[in-house]
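Two complexes, one shared chain (chain A), two partners (chain B, chain C).
On to the complex of A and B.
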């Protein structure tokens, strides 16, 4: 049943560019798709390990900058006459480097910050993102600072026997984003259903018990952070090569908030949650734009977030699933996790 | 040397207002355990109240300051009653996300009402600065320093010397026992949040005339407040005051001797360093954070 729904949804998404000709809507779908990839990676941390990272945009931005700089090349003076010079590489190399380097940053942040939890973890991740943003803003030799990196080339794929395909049009980019999103979805799905995934949920629900049965806390959480950061980096790379101009505003805190809203409204800890939440909140501005000014759109955004948290604190997908009787074990599991969280807080 | 003295004077003025922000947040985040993303908005709100009273109503500068503080108190009480009271007992993440929603909505509201153009607030002080030897400081900044010091002393006495302060401390140590002893716990939650908010509004009202007023001015202020609270240890008021001056000193020296572009990075670096090496804060009693 669940597989059929997943396949039907995938089939629907594949068909969209065939009948949707409005370039504005297609553009909104592509950027929404990129943010959904980011939201899925955030969900891996927030929904499956219970760690709220409010600096997630840092990995997205690092991916964007790494990918852009790899394909543009740079010449950076380090000290005196010593320069680091990089000649442009093909954008696809930038895409893979973005995944690697973002993943490595995820490793560093994970190692350093998983010793603190809860509100402290949130604040460390915010600080990390802001420091990265300030470096992007001030290291002008490398990043052009507020002048932005421009003319970022589109991703090119070499097809055997057919030459090179430059993914420049919205039509191409839609399928590229869809492919990466689908891959990420199945990667995360595999991971959370593996024994690592069970270890993550065990940690989220009762850390003391999980440790007692031999789960390595730091190792499990760091693994989640690395994969989460790597996927966010891939999304950032797609963003850079699609928009083709990036400035330090990609690190804006509001973008992390957007991803968090997508995850929480859709349902954290549910694989489809970020996709559903992402589509709603990604396309909400498209429908609000004709009827209200941008400030009012953001007010609506904030109010909708508050209302969802008050009305459906578990998110849309789990609430609907519970209504339809699909989540048989899901409800009890989450209820018990809420209880254990509260007791954990009382002990802290 | 002269330059260093000037930096130290600037540090005092900056640190005084940071202390107001920090004390306000250490009450809300440190004691109530609410990760308060609206703290920066209250700072912005205080500054705009100043602007409204001085420029749109044309009233006296010194009258505007208490108006801003009371308005901050009322807005804080409103946020607590409408958003936090129904969520008491919810987990910390839910509360945090609701506060993020409130922050987005309120900041966009400020942008809608007052526009994105930065506004400056006139002050009645002479333009010529006070010069003492190699150091010069404007009269306005001197007033800000003294007003901040007065408010810090007031807040400190309120929390440590009054019956309300005692009830506050009792409530957050053990709210069930406090309730059994006849403390109106709901009222204490509301007043604590309102007091913290009014201090943030006071900081905004004091710094608004020094710099300029714009809707996003509170974002950095909020981060700095978090840095101060973490540096001083959660709920530690003396720690928050000392932390404010450390942050102000780090910013002044960072801007003066490293690069002014990284001035605002100091708060974040302090947060990361403190949480990695001494997560209980510099002046805290032993406490578990993991």
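On to the complex of A and C.
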């Protein structure tokens, strides 16, 4: 049942560019999609380990800069006549490097801050994002600072026997984002349904007990942080190669807040939550723009958020699932069938 | 002589100036059911915390199967098969009973991350085996009717059972039970005593802390009595029942006189 819904949604998303030709709307969908990938990665931390990262945009931004710089190349003076020179690589290499380096940053932040938890973790992540933003702003030789990195090439995919495909159009980028989002969705789904995911849930609910049954806190949380950061880095890389210009504003705190809103409104700890929340709050400004003045748009945005959280405090997806009686369908149904199978064997 | 599983050697725990345990010495042999009793504040839970790595002793050593547990983290000690339950927070409240046990099976299902994410055959097989094992444990503990209910919605007595099932899922060689029957009624307690014996018959050594004296007397092979952070008596239930130091610790000085007089009159 759940799988059918997932596949139907995927089929719908695949069909969108075939009937939606308005480039403005397609553009909105692509940027929303990129942010949904970010929100999904944030959900892995917030929804499945209970750790709130308010500096999540740092991993996104690092991914964007790493990817952009890898494909643009740079010549940075380090000391005296010593320069580090990098010759441009193909953008796809930048994409994978972005994942690796963001993941590594996730590892560092995780290792450093998971000995302190809760409010301290929130503060460490905010500080981390701010430090990275200041570096991007001030290390002009590398990042061009406020002048921005421009002319970032589009991602190119080599097709064996068919030459190269440059993903330059919105049509192409839409499918690229959809592919990465789908992959991330299934990766996170597999992860949280494995014993790694159960370890995360155990830690979130009752850490002392989790530790007493042999769950390694630091390892589990660091793993979540690394994967979460790596996915955010992938989203950042997609952003850089789609928008093709980035400046230190990609590290804006408001972007993290947007992701948190997407996760919390959609339902943290639910796989589909960030997707639903992301679509609503990613596209809401687009639909409000033609019908009301700017001040009213943001007021409406806030009102919608409050109403959603007031009516469905656990988020849209979990609340709707509970109403439809699908609550925890996956685990529960398997549990009962497993138990009844055992009982049946016993009686046989 | 029986094989010693756990030995506590000259353990002392100080919290600043407060002496929670002054000098504790005892051991538990393989296959035994040993109870650690004593009045409130005697240091029983502190002793558990030391044994399972949640607290570092100020002095002394805890040895498990001959190995010193010094410097080991709680999850590493659990990995050795020394598993504990907790007095109050004994379950994962927002998960079903079945999922609780699945989380407890963590130690069993260690497949590689890549295998788990790609859903390779070994990961699938391990996942299936874990699900079967969880269902089996839920049934064994007698909670199959509650398998799909959230653990937090169960009665205290049932939550205790979930806590034990969770601990068993971690495949203990030795199980430390912290006040397992508090919050249970008489018939639940009776069933629980049977359960403890069954667990022991599966080859698990048991150390328990408990206030329910009839239960302790009926289930234990040996009892260790703690008061003010030191051991005041040790022996089989009959000896402990009549030990003057124990009666004094529980009932006070005057009671000892009364008990004595009654013994004389009897």
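Just so it is clear, the second predicted complex is superposed on the first by the 316 of 348 C-alpha atoms of A that agree within 3 Å, B and C clash if a C-alpha of one lies under 4 Å from a C-alpha of the other, contacts with A are read in each partner's own complex, and residues count from 1 in each chain.
Quick note on the criterion: a contact is a pair of C-beta atoms (placed from the backbone, for glycine too) under 8 Å apart; a residue touches a chain by one contact, two chains touch by 3 or more.
Keep in mind that what you see is a predicted model, and the values were worked out from it rather than measured.
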* To do: Report for A:194: first if it touches chain B alone, second if chain C alone, otherwise both or neither.
  => second
* With the two structures laid over each other on chain A, which partner does A:96 touch: chain B (first), chain C (second), both, or neither? -> neither
* Figure out whether A:171 sits in contact with chain B (first) or chain C (second), or with both, or with neither. => neither
* Identify the partner contact of A:213: answer first if only chain B is touched, second if only chain C is, both if each is, neither if none is. => second
* Can A:205 be said to touch chain B (first), chain C (second), both, or neither? -> second
* To do: Tell me which of chain B and chain C touches more residues of chain A.
  => B
* Applying the touch criterion given at the start, work out whether A:113 contacts chain B, chain C, both or neither, answering first, second, both or neither. => first
* Common ground on chain A, meaning residues reached by chain C in one complex and by chain B in the other -> 338, 341-342
* Structure fact -> chain C contacts chain A in the complex at 52, 54, 73-75, 78-79, 83-86, 89-96, 98-99, 102-107, 109-111, 113, 116-119, 123, 127, 130-132, 134-136, 138-139, 144, 147-148, 163, 166-167, 169-170
* To do: Would you mind writing out the residues of chain B in touch with chain A in their complex?
  => 29, 33, 35, 83, 86, 89-94, 96-98, 100-109, 111-112, 219, 223, 226-227, 230, 259, 261-262, 264-265, 267-269, 271-272, 275-276, 279, 288-290
* Asked: Within the complex, which stretch of chain A touches chain C?
  -> 187, 190-191, 194-196, 198-199, 201-202, 205-206, 208-217, 223, 328, 331-332, 334-336, 338-339, 341-343
* **chain B-touching residues of chain A, taken from the complex the two chains share** => 52, 112-113, 115-120, 122-124, 126-128, 130-131, 134, 137-138, 253-254, 257, 260-261, 264, 293, 295-299, 301-306, 309-310, 313, 338, 341-342, 345, 348
